[in-house]
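To keep things simple, chains are lettered A, B, C, D, E and F as they appear, and every chain counts its residues starting from 1.
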Amino acid sequence: MSVPSEITLDMMRRTLYAAVVCDALDSLGLVNQSPRVQLVPYSGDGLLVGRCKTTLWADMYHTDPRPYELELAAVDGCRADDVLICAAAGSTHAALWGELLSTAARNAGCVGAIVDGATRDVRTLRSMQFPVFARGTSPYDSLNRQRVIDVEVPVKIGGATFSPGDLVFADVDGVVVVPRAVETETIRAAWAKVHAENRTRDAIRGGMKATEAYARFGVL
Amino acid sequence: MSVPSEITLDMMRRTLYAAVVCDALDSLGLVNQSPRVQLVPYSGDGLLVGRCKTTLWADMYHTDPRPYELELAAVDGCRADDVLICAAAGSTHAALWGELLSTAARNAGCVGAIVDGATRDVRTLRSMQFPVFARGTSPYDSLNRQRVIDVEVPVKIGGATFSPGDLVFADVDGVVVVPRAVETETIRAAWAKVHAENRTRDAIRGGMKATEAYARFGVL
Amino acid sequence: MSVPSEITLDMMRRTLYAAVVCDALDSLGLVNQSPRVQLVPYSGDGLLVGRCKTTLWADMYHTDPRPYELELAAVDGCRADDVLICAAAGSTHAALWGELLSTAARNAGCVGAIVDGATRDVRTLRSMQFPVFARGTSPYDSLNRQRVIDVEVPVKIGGATFSPGDLVFADVDGVVVVPRAVETETIRAAWAKVHAENRTRDAIRGGMKATEAYARFGVL
Amino acid sequence: MSVPSEITLDMMRRTLYAAVVCDALDSLGLVNQSPRVQLVPYSGDGLLVGRCKTTLWADMYHTDPRPYELELAAVDGCRADDVLICAAAGSTHAALWGELLSTAARNAGCVGAIVDGATRDVRTLRSMQFPVFARGTSPYDSLNRQRVIDVEVPVKIGGATFSPGDLVFADVDGVVVVPRAVETETIRAAWAKVHAENRTRDAIRGGMKATEAYARFGVL
Amino acid sequence: MSVPSEITLDMMRRTLYAAVVCDALDSLGLVNQSPRVQLVPYSGDGLLVGRCKTTLWADMYHTDPRPYELELAAVDGCRADDVLICAAAGSTHAALWGELLSTAARNAGCVGAIVDGATRDVRTLRSMQFPVFARGTSPYDSLNRQRVIDVEVPVKIGGATFSPGDLVFADVDGVVVVPRAVETETIRAAWAKVHAENRTRDAIRGGMKATEAYARFGVL
Amino acid sequence: MSVPSEITLDMMRRTLYAAVVCDALDSLGLVNQSPRVQLVPYSGDGLLVGRCKTTLWADMYHTDPRPYELELAAVDGCRADDVLICAAAGSTHAALWGELLSTAARNAGCVGAIVDGATRDVRTLRSMQFPVFARGTSPYDSLNRQRVIDVEVPVKIGGATFSPGDLVFADVDGVVVVPRAVETETIRAAWAKVHAENRTRDAIRGGMKATEAYARFGVL
């Protein structure tokens, strides 16, 4: 089966998943594209696909002279299909994400958030069906505890780099980020892998021993 | 809207949630009222509200000469609306909580348990609809592995102090404890925050940019 | 009530659970039969019962000269009622388990997997209703990241030893392994505990104070 | 023996130590004045005493548009007897401290650094006899990895608050910070404890049983 | 060379070391006799040999109604060659050990302490030459933070069991405990290993390839 | 000052150090060449320089059918100036390194070992002056607990890749590995940095404010 000349985000959402994108990146030699931390899908375990809108967060312990400044600008600055990337080095000093930011971000077109920190308002996020992947939860407001110190810069979560505009996939297996430079190639490889005849897999599903199927077809 | 002259536990259960109580405490300068550990809601993610009945646990490694003594006294000593607070420094050496203690505690009026340690009998707890928040699970019996060494004393979980009789709130976002001395003030502040006109929030829900709404109304 | 002369795996599946087996082992002096790590039931929280088919895994960082060799042999070598035990020292360097291995293993009679490492394809595992208990998830393929280095040898997970052929129980409370030498005795003791008259428990369910019930009947 | 009317920093350096200051704070009800993390004395284990000059650090992953700006201002801004407090939430993403900052800070009067992060140039720091307490070491330059985001604000290390101008003590036992408001009282209490007749201690040193000495004198 | 009919503690101190005792225990099938945690030799890295005097500690958060009671009894109750074993589950909530307890314990004949928790007064301990192995340091007094809840009972540190009267060895490599029942056999095996002709080792020291030496002599 | 046309290992040993090599790699865009774990210099804190001889280790729990096979081959296979790289994923399941391997390795020309695991025989290693950097210590023999599963393959420690033949530097600040392809360029850059006129540094040493020196000379 041939790969379509253009694969839209909606096509990706219906067809791909994090693991197959990770495999496609592996096949291109990019072997470090998934954060090595558990990011829990707190508000639904479907697939999130979009483009990285990055924010860099820091812990703080004093009265913030300009609270919310950069974080509100970041959520308001989202465009259609953006995914907010909140890099906080895993800090759960407070909940940097919640209902209000989700509402504002969605207004601007944002389709979900990946938080290397904590979220709150989990029950509301679920009822909003706004996908948030996070390291944990906290009832603490981020005011005077955490703030955005940079936006639209490359950030790291669990050792993987998220640059503005990169494609990102997240589901219950984990999060995968696709660098711009290899995006077309990666998505086509993932698409092909999903749609290609998979004789090993089919043989095993048909009851053939895995060892024999791998020996016969040469791939898993 | 005015705050009622008395706010009962049942009113709190219908109206409040952990995060808004945490915000009310923040507004009063009490910024360390939620344990800095993840307490998982193993048997339902609704809101638990009640008063702290505290127990302090220790690991042990020998045959307990007086097994269960203090823990049975603690569960039997519960009164209506008590929440058992089991401070075990996060130890998962065994499951210090389970079905039997839940049954006995509920008989005495206890409405849930917060366990800085492990629980077991999770499926039964779910069918009992008895809310237990814990650090983890374990199939090990606590007999000769953990025991209660003190009851009705102040204890700490994740850096937050739980004193006997304190109000406690727990939901999927986390656990929050309200010291006796500020209880009325805190609950009134939380109640007011839930019921007050929230122009920022409404404006954002209505589609206004978050930056603009915050600039106009001055609060989030 | 008397204990049946033979207790089959299916009888165990209908009657027992991890915690009661753990209690039976305690009563025989075997107090270290549950791994001291959290193994999350990623694809359903029912009870898994079977016999250990052990595999020992290691992290690697180079091109595997003989990929999949031992792991395919292990899954193909499963017999009815086997549970794959994947000892990887808790490494989440990649997902060592997933859909394909589950399919092949089930073909051979395997009833579930216990993974001291990561799994992927969680949504598919759920739809397959194939029980997998693991330390976490990862979208990374194990190819060139982890491999099986031994099969059918005793292995350890969280300090507990799993030997080939040992009975293993896993549910939402945790995992318990029963050494061959004490299997009959353990299962009979667990069976007896489930079926025996439990006057303490019944009394507490009936509303008696736990302290009084324990004083009267001498056991919990 | 009477406590002197004024106790200078040099007198403190000759007489006090971290543990006795911690005890004095305990006696005043301030029980959370030592960070709950290990801060290793990398360049000598003598006592460091001075006043807090605070800096707040954040991890970053992009080219710093204004490298070193705030950190150089902070070290140059030190006055006699200042101790640089580098709050980086324990991050060892890079070495935020090293030889050059030590030299510049000492030029300005700084007497040591307490780093909730990593240092480098340890051998040089030792030969300079510049005391640095840190969470670890790293050979990585902090350029484009960490930067100062605030100076002269209250910061937290391991749960303890360090405010600008607070007295701080550090030795091989740990770090203790004395809030301004209780400084005189604390230092006098510590001084008194060091110099007071300690009958319990002397009795035990003289060979009396500890139980008897405590029973007789009522204090340890 | 023959093994002496009696091997005194002083002979052990001059001849043995932790690793060789661990090897002797391995040879007898006791493979879990060293705690799986790092116990740092804070006051000298020589070999400590003695008999276990066990204490079990718990964290606490309220005013202790009977401070020091059991801990003073424990130190006063030491006999010649005892080693205080302080099992606190690794808690560094405070320093449970320090100068005063060391003095009192030494008065009673105690030769060192092994602390699964924190110590303080490290500089004094060094000048006293009293060997203390611990998980960390803290300037906090244990009063109202930790207390002894049991003495002379079996305790666990890092998974290894220390029973009253057991022989214990500690040096910079780690800590090893020898159960009473196998003491004679273990010490004789360790002694023999130290004194026996070691042809493999001598050959390697003499320059023979390790592979060849092992092939020729069959042992390392 | 000009950089010599050839820089030998001995010249590096006299002149360079881990941090300056790390800076040189940074300047070439290689920003991940130091393991993100603490490797403690257990037997001296001088600089270790050599070429990587890699070994990959795995935990095991059964009787090793071919004990020592690959590890003895690895140590015997060392050539002059090799540094044994022992990648064990940080496992301290046993001491994979010790006196005997050090002796055999040194016989073959090996100049030190970097162990992402535990070592033992620390006192002997110190008296041998054989540099060993490790994650921790353990008295446990590695026999039947850990074994080498591959040699002369690329391995990872703390996220950094060590390939056979790569240059490696280790001192008290940490460990840095230089890939073959950029070795000449890196060493020349490090050499130049050490020897070049450093006006910023000299100015600061001379007492100039750091801010002014950086403003004037444009570099740190």
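Things to note:
The rule we apply is simple: contacts are C-beta pairs under 8 Å (C-beta built on N, C-alpha and C of every residue); 3 or more make two chains touch, one makes a residue touch a chain.
Predicted, not measured: the structure shown is a model, and the values here were computed from it.
With steps allowed only between chains in touch, the distance from subunit A over to subunit F comes to 2.
More than half of the residue-numbered contact pairs at A-C reappear in one of the options B-E, E-F or C-F, namely E-F. Most remote from subunit A, judged by the distance between CA-atom centroids, is E. Centroids of subunit B and subunit D (each the mean of its C-alpha atoms) stand 35 Å apart. In whole angstrom, the spacing between the mean C-alpha positions of subunit D and subunit E is 32.
The centroid of the Cα atoms in subunit C and the matching centroid in subunit D are 49 Å apart. Taken residue by residue, subunit C touches two or more other chains at no position, since every residue touches fewer.
A list of each chain pair in contact follows: A-B, A-C, A-D, B-C, B-E, C-F, D-E, D-F, E-F. Within the complex formed with subunit B, the subunit C residues making contact are 17-19, 21-23, 26, 34, 36, 38, 45, 171-176, 200-201, 204-205, 207, 209-211, 214, 220.
In the complex of the two chains, the subunit A residues touching subunit D come out as 56, 58-62, 87, 89, 91, 93, 149-150, 153-156, 161. Note for the complex: subunit C touches subunit A at residues 68, 72-73, 75-76, 92, 95, 98, 100-101, 103-104, 107-108, 120-123, 136-141, 143.
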